[in-house]
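Next come two complexes, and both contain chain A; in the first it sits with chain B, in the second with chain C.
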Partner chain A sequence: MTPYSSFLFFIILGILLAPTIILGLNGKSFRLYNMLVSVLVLALIFSNSLHGLIMLCLFTLWQTILIKSYIAYRREANSGIIFCLAAAASILPLALSKLLPFFAVDNWATFLGISYLTFKGVQLIIETRDGLIKKQLPISRLLYFILFFPTISSGPIDRYRRFEKDDQTVWTKEQYEDLLYKGINKIFLGFLYKFILGYCINTYVIMTMQYWTSSSFSHGLAYMYAYSLYLFFDFAGYTAFAVGISYIMGVKSPENFNKPFISRNIKDFWNRWHMSLSFWFRDYVFMRFVLWMTKKKWITNRMAVSNIGYLLLFLLMGVWHGLALQYIVYGLYHALLMVGFNFFEKWNKKYKWWPNNKWTTAVSVVVTFHFVCFGFFIFSGELIH
Partner chain B sequence: MDFNQEVLLVLAEVCQDDIVKENPDIDLFEEGILDSFGTVELLIAFENHFNITVPITEFDRDEWSTPNQIIKQLNELR
Partner chain C sequence: MLNKLKMLYEKTAMKWLLKTSYYFLILMLLFLIYGFHTANTGSYIYNDF
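Our next item is the complex of A and B:
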């Protein structure tokens, strides 16, 4: 059963989470019960794919052994090579799942959620390397973090130390009332976004497009806007469900969207769109790359360091979406936008050509929106195929 | 010079903007004074000036977004 795709799924969740809500409203701990619910719902999600379930178990076992051994090692020593090996081993299952279809082999390594779960494993290795995780993690919490069902299929990508804080908290009655209210609110926002707006755009605009567009240009243009809006409402709707269910279970999973279509520039856009993913790449790829380059002094030109960093980040993000031409071009496109904006920002700081007032902001929002929509048009594959 | 003043000086140097000294409650990220590249430079500057190492993922933008917050965080890490 695909998570959040049918009302049956929500009805089952409602029944399973009733004891959680009763415990929460009485200020009692629901941690153990939630873990049991997680196991049950995972069984339900993977009920039609025994293969997926086996791969999920193997993946979790692999990551758990890796993380536990690396923490044990890191308490004694700190070699860069061992760190790189551990990080590579953590990415290995995902790399396999992306590469196998490329070689036209049966993709046995993949299962629902592998792309998102990998972020959780890798961040634990990196934070252990940084000395932010010093003690062995309790196995139950580590498994609960990796396998937390509300966010398993497509995020948002949580951070371990943030998750741990929520997991250790027993919310008071008043605090839980607030969480429950916000959670239900988000779930209904999700219904509006995914099942009403997203569904309508797809059914009444995208599916009928061939009948009312006259040329391939007007078709492309209409598709670009409609697909961009559909992508937002569909994904933001899914995210609202995932975050809403998390809140009801006492975990404040991070948000993914903050009004992305009012971004003033492309940098602003990446602080508002699929935030948990872009922040992950920002913190674990871009900033580390910049830090590394600056410390080693391999490249001394600041502009060059940040531009190469953007290229690295967005190419990786593109490849992560899949090893297909449209995703790589999409990554490259955003890298070039970021580099272009980087130059513009520096130049404008000097010459003050583009002032900051409400008129220029309005123009910036419109221009950014179009660049962003064109990016989604590339992403959709419609442009390339 | 006391520690807090020194932090402000380092911050002003990295941001290339004296507004951080004039308005220590300004949101550096909202105002576009600091970005992720600037953050890395700031962390390196803290390491060089004060010998305080702040890991990148410890730098949570909710808790490090104004000059005053940065001073508070660094005082705790000292």
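Our next item is the complex of A and C:
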């Protein structure tokens, strides 16, 4: 059963989470019960895919062994090679799941949520390397973090230390009332986005487009706007459900969206769109690359280091979506936009050509919106195929 | 005018009324679109990644 895709799923969740809500409203701990609910809902999600369930179990076992072994090793030593090997081993299942379709081989390595579980696993290894995680993690806490069902299929990608803090908190009655209210509000927002707006855009605009567009240009243009909005409402709807259910379970999962279509520039956009993923790439790819380059002094020009970092980040992000031309071009396109904006920002600082006022902000929002929509047009595959 | 509207919105009863109307509208739209059928909107785009 696909999470959050049918009313039946929500009805089952409502029944399963009723004891959580009762315990929360009485200021009692619901941690153990939530763990049990997680196992039940995971069984429900993978009930129609035994292969997916087996792969999920094997993947979790693999990540658990890796993470616990690396924490044990890190308490004694700190070799860069061992760290790279541990991180590579953590990424291996995801890399296989992306590479197998490219070679037209049966994709036995994949299952629902593999990407997002990998991001969590790699994050734990990197944070252990950085000395942010020092103590061995109890197995139940580690498994609960990795397999936390509300965010399993498409994130948002939480951070272990933040998750653990929420997980260990016994919310007071008043605090839980607030969490419950916010959670329900987010679930309603999810219904509005996914089941109403997303559904209407897909059914009444995208699927009927061929009948009312007169040329390939007008079709392309209409598709670009409609697909961009559809992608947003689909993904933001999912995120609202995932975050809403997390809140009801006492975990304040991070948000993924913050009004991305009113971004003033492309940098601003990536601080508002799929935030948990872009922050993950920023912290664990971009920042590490910049620090590494600065330490090694291979390239001393800070602008060049930052631009190469953007290229690396967005190419990786593109490839992560899949080894297909549209995703690689999408990654390159955003890398070029970021590099271009970097140059423009520096140049504008010197010449003050583009002032900062409400009119220029409005123009910037419109221009950024169009650049972003064109990016989604590439992403959709409609431009390339 | 804007201040008056803001003050009106600050009132608990008004907040309650607006929020209830917002939830009610969403529920009504769901009934209008899906009726009593089991809605299945299919998968999510990002589930494939």
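The definition used in the following text is that the second predicted complex is superposed on the first by the 385 of 385 C-alpha atoms of A that agree within 3 Å, B and C clash if a C-alpha of one lies under 4 Å from a C-alpha of the other, contacts with A are read in each partner's own complex, and residues count from 1 in each chain.
The rule is short, and it goes like this: contacts are C-beta pairs under 8 Å (C-beta built on N, C-alpha and C of every residue); 3 or more make two chains touch, one makes a residue touch a chain.
Model, not experiment: these values are computed from the prediction.
In the superposition on chain A, A:Trp354 makes contact with neither chain B nor chain C.
When the shared chain is aligned, chain B comes close enough to touch A:Arg302, but chain C does not. When the shared chain is aligned, chain C comes close enough to touch A:Ser5, but chain B does not.
Shared-chain residue A:Trp108: touches no atom of chain B or chain C.
In the superposition on chain A, A:Phe195 makes contact with chain C only, while chain B stays out of contact range. Residue contacts after overlaying the shared chain place A:Trp212 against neither chain B nor chain C.
Residue contacts after overlaying the shared chain place A:Val290 against chain B, while chain C stays out of touching range. Taking chain B and chain C in turn and counting the residues of chain A each one touches, the greater count comes from C. Of the two partner chains placed around the shared chain by superposition, chain B is the only one that A:Arg159 touches, whereas chain C remains out of contact.
The touching residues of chain A, when paired with chain B in their complex, are 123, 126-127, 130-132, 159, 267, 282-284, 286-288, 290-291, 294-295, 302, 305-306, 309.
Taken together, the chain A residues at the contact with chain C in this complex read 2, 4-8, 112, 115, 153-155, 188, 191-192, 194-196, 198-200, 231, 234-235, 237-238, 320-322. Taken together, the chain C residues at the contact with chain A in this complex read 22-23, 26, 29-30, 33-34, 38-49. Only residues 35-37, 39-41, 43-44, 55-58 of chain B touch chain A when the two sit together in their complex.
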